[in-house]
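Submitted below is the structure of interest, expressed as structure tokens.
Lettered A, B, C, D and E in written order, each chain numbered from 1.
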């Protein structure tokens, strides 16, 4: 639950544009790393002072500034000043409760995305907010914590693999978004595996605990939907947007990301259908099993009740001496065995009847 | 229920534009307070006579007139005359059954919103209608009762914190709407907490009373949806509207409110999904538990029924003296203990069988 | 059911434009009443001969012709000729199975509405079709039966209250539509009360009959939806329509009616959600109660079955004289009381066990 | 089921435009009848040779060619050549698995509709495909079998009733479509009656067979929806279409058909809601009844089990002679009647308890 | 499950435009076959070296290059170079996890489709990705494996049947798409048959295994929907697209394919409704049957319990010698038979009562 509503109440009742970090950890010094490149040249370094950015800002090369840690209000403000960011943009970067969105501020584009991880320990999906600022020749990425899915891109930049070094800031932004969306497929595969395992289990051996697991899977699909649906709009806006910051040649790549987003949404909707189908099957499996138990038990009881009745009859104390009409069977030679035989017969007839009716 | 349909019948059958207060309390004198400010100057006072407004109306400074109490027809009419409000506007202000809406009357914009409170005593969400009139250099806000979420804004105005004193009436209106929407997050957090508590309870200890609570949560989400969905349209109309009363610089702030509204709607929809998921889990938990009870009880009965049958057999009165074939066991040396042993054996076999079938 | 599909089959297989009354009552002479007014002048009278209308038609004053009874084909045709109505219009007026609609015939506007009543005797909602013809300076209203919700408007016209006498035919049409829509709120309040009562009853004392009532409420909401949803379009078309017959000043009033319509739809949707929620609660209440019954009964049975088994043991006839190993307890001094005590102990243990498991 | 997917596989794997009849009957010679009329003149005859059409084609009078039987490939091709029909049109006419559609081929309009019948014997709805070709001054109608709903129109043409003889081919096409749509109301009435009967039965006497009937009703609504929903688009396209073949004066009549179509759709949706409501009621009625049975039976068992226990106690064989503590009641004077009295008392107390708890 | 998410994870983390085959089989040499034709001329051959294509590329005749096997990265790249394909196109061709899509690259159109097969052995639907490149006078088709639904078209090309040899590359592309869509009807018929069989079985003899089958049918409809819904958009885009590569005369044929797609979607939606209806019926059938079992068993138990009670009474040991009030019946002449008669009477009364209540 907490993952749905993140301490939003902290941020209200401040003037708009105030940067309030909503994270639970204490504000730590943000880590800044800069990559500056062109087709010919490449430079990478970690920096301490946001002011350093100024020197990169106006160079014709493409600059990628990555910030890990968004609780550091001072750094955020320094970067905001350096790159002329709107106060509302800074507020949105710090407030991790945003849904994915795209805003065109003219001088720069602001994109909020959700990076998803599978938490191995708690078997849980975790979302981290990634904000991107796309300018003429720079991209700034803000992340909540260190560790991301961008290493592949750094590697490509360093080794000048593919066309990335020859393209502009918009292509870099595309590459970052693509890396995040591609990562969703890993989540989907994990979920797909889990669903497959569950389906097997459902048919072979449904347990009360299964309900909890299905419920968790359902929550996960709800959570995924909430993160991915708005993403579709975001990528679509980027592709169709008329911002001059996105070059024409990049559009075709963004359309590719868009296709991937649709594929992700498609799979989530399919998972949803499947999970709700699993709930139906689980419920009817459980109820089938319970009915099976009740049926067998009732049958045992039903067979013995008439037998007990017969035994009850010959347990009556009518006095044979008072009248020869009273329970003459008691004095018959084979009375006892006849009565046992009668019981056996009744029991067999009932079992046959049940078998024929297919209740056994 | 009464919160869904407020004494609307009172207002029908009057000519349109007639002001009828639908509140249940007696009409009380409305309380008027005025705040008049510009970047340099600030004035705040409570007034008695609505006519006083006239003097503020044409000043170039921004004037915020707040009215607490909308049952006071006379005052409403006086204000209406003073600011040239359309009779239908006044009717809508007095009639608290409105859904959030936005209307452009050319000379002024009319916005109806719902302010939501959590009633601590009854654990209930309460809605209060807030109407805003946005003019060239004035904003009028109408509230049902004293007490609101605007104190933060008054404070900012007084202390000239942020940019609010430097902006016009449209920015003030934005600030008021923002305060109302931000307050929704508090409601959402409360509901989120309640849902979280419920989910724990559901799994660990479902009780019949739980159903009532889930039902109440569901009603609350229905109520919230009804209040918030139209709000989206309202804020969107304000942002996209072509009224000259909203300056361009304010649009970006309204877009921010719009984003918040979408976030609120998103969360409500998520809550809805979760609450209906909880109902499913509750129902199957209850039925699981009941089945558990029935099963154990039936098993006990089933074990003893064959045992009782055996006891019944040796309670029969076949006469051993009439024939040595009759119940010879009765005269065996260890007949009694053999029969007890047989019962024990049957009982154990059944228990083992049940265990193996995992019914126990 | 009959209220959903009204003898439509009667009307098919006639050439289009043929007036066929579908009512079940015999065609009666329609009652015509005319109100003619301007700001200064007012005239009201009942007329017999539709031809009289001709004299009013071309007067600059506003004329309101009201017809009660639409089975009178002759009168309909006479009015049609007098006001140049299209044959299809007349067919639609006579055929009460129409859904609310709006048509612009150039010379006049044709509006079909549903007037709703609560039938006190059968606790049922009844719909009556009201058709309006809006011309340059006349309005014609057709009703199925005498008795309507327009008296308030007649009174306002007579007493020249409000602005109605100063406005044109379009404002009169607005007033009539407004009266009909306002009347829906009465229906909604009645339904709201009924739902509230039902909800109380559901929790405190669910009865099999409740199902029938919930079903009826559901049918009522389906019926209301069917009548009100198309109304929205109708009023919207009137407001946005480009017909010159509707003056600009009337648009704002029509927008007000539109808002009311949306409010009505909103409430119906809320009722729908609540009624379907009630069905869930009813079903689980009933099943909870039944389970409660079954549980207690099963517990009683389960307690006594082992006790009866003990009694059965000491009812066995093993012969103590044949062997001192046979049922020595029977000859013990306190054998009887010990056995009774054992039974009591078993019973108590079971009760305690059930209590601890919270099954009792 | 077969009515949903008609032997479509037969038609695939042929080049497009190949005419393949999918009907199950052998191809029979099609029957052609021609009606040629203008306001003054009327001619009607059956023809054998499609070539005869050529003489009618270029006459200024309106020509209605009706073909019964679409398995006759030769005739279809002859007509196609005669009226210059596109091969795909002919393919669609022969392939009865089409959904209702409208296509504008410039020279002519092609409309596919479904004519619905109630099969009296099997209590089933049957669909027959009717294709219309609307040209400048001719209409061609193709039907699967003889027998249709057009007799009323033929009669009107013969007797020159109404305006039909004075209008063009487009009005004739309208009349044919109107006849088909009007016929739907008959189906709706039949279904409405059936639903009404079912609802009565549901409450008074639910039977297992009822489930099958509800299921059939549901299938029928699915089938109707499938046939009627696309019809809406078709009629709308005809009305809004910019084809010169439809005159302006005919538009108002097509709008009338459109209204009827909406009414039909409305009713089908209502039926759907009602049928699914019936399923809910049926299920809970059945389960209520079953619970009722189980309850009464369990109560009987529960009352007798404690009584049997008491009887069991006094059936124990503790030896009164061994000790005067052993079962002294057996020797009491009124021991027997006291025990019977105790049983009676226990039984009555339980009955009273059950009554008070309202379980009886 | 694996069919929903195909090893997508393999493809992520590569630069965009990298061709990665996701199939599980080892990359095999692709098989290339070329058909080159015009109205007068026809040439067909298998080729090894993709370079051969170059000679065909610029000929005015229509060239159809078919590639079986998309794991062969080298061949793909060679073809890509030869026909100037965008790297993203090649990536999409190799990655079989695409959803159907249409992209206009100016010089060529790129279409991805799903070819569906019914796997006879596993009773499962299998999807194979088919990619089409449509250029000015060539069509390239990529398939995962050998064997396709295009043989009919090859035959038509060879024999110059129909108009296909006279038309351009766009018509060929249409023919290929049409063949794929037509093949869907075969799948639909198979599913239709299966559903029909299931429906019969459901009513006559529901079994626990039925649930699994219904679940599989549901999965199949989900899978089909996922494949076919985007197809609709694809064909619509092709038809409405403004690409000059599609000639006007081909539009009408594409509209025909579009109609077929709609028909397929229609049928899938109908199947969905039916399958979910079947689940309802299955569940209530199973529960009906189980209730039937429980009822009969409970009735047997209920009849014998009072009888056993009577037998228990006369098994009590009250001492007739101690008092003549004690169990005098035991010494009556016909006491035994009277008691048996009483039991019979009680049993009969209960059976009659059950019969009258229609529980038996």
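Here, contacts are C-beta pairs under 8 Å (C-beta built on N, C-alpha and C of every residue); 3 or more make two chains touch, one makes a residue touch a chain.
Remember, predicted model here, so these are calculated numbers, not experimental data.
J.: Chains touching chain A and chain B alike, please list them.
T.: Where chain A and chain B might share a partner, there is none at all.
J.: How many hops, at fewest, get you from chain B to chain C via touching chains?
T.: Minimal hop count between chain B and chain C: 1.
J.: When chain D meets its copy chain E, do both sides use mostly the same residue numbers (more than half shared) or mostly different ones?
T.: The interface of chain D with chain E is built from mostly unshared positions.
J.: Using Cα averages as centroids, what's the distance between chain C and chain D in whole Å?
T.: 26
J.: Return the distance between the CA-based centres of chain B and chain E, expressed in whole Å.
T.: Roughly 42 Å, centre to centre.
J.: Please list all residues of chain C that touch 2 or more other chains.
T.: Where chain C meets two or more other chains at a single residue, that happens at 287, 294, 298, 301, 305, 308, 312, 315-317, 327.
J.: Connecting every touching chain pair, does the picture come out as line, ring, star, complete or other?
T.: Ring.
J.: Put in order round the ring, from chain A and then through chain E, what are the chains?
T.: Chains encountered around the ring, chain A first and chain E next: A, E, D, C, B.
J.: In the complex formed with chain A, which residues of chain B make contact?
T.: So the residues of chain B in touch with chain A come to 152, 156, 161-164, 175, 178-179, 182-183, 185-186, 188-189, 192, 195-196, 199, 203, 252-253, 255-256, 259, 262-263, 266-267, 270, 273-274, 277, 280-281, 284-285, 287-288, 291, 294-295, 298-299, 301-302, 305-306, 308-309, 312-313, 315-319, 322-323, 325-327, 357, 359.
J.: Please name which positions on chain D make contact with chain E in the complex.
T.: Touch residues, chain D against chain E: 1-2, 4-5, 8-9, 11-13, 15-18, 86, 88, 92, 97-99, 101, 103, 105, 208, 211-212, 215, 218-219, 222, 226, 279, 283, 286-287, 290, 293-294, 297-298, 300-301, 304-305, 307-308, 311-312, 314-317, 320, 327, 329-337, 339-340.
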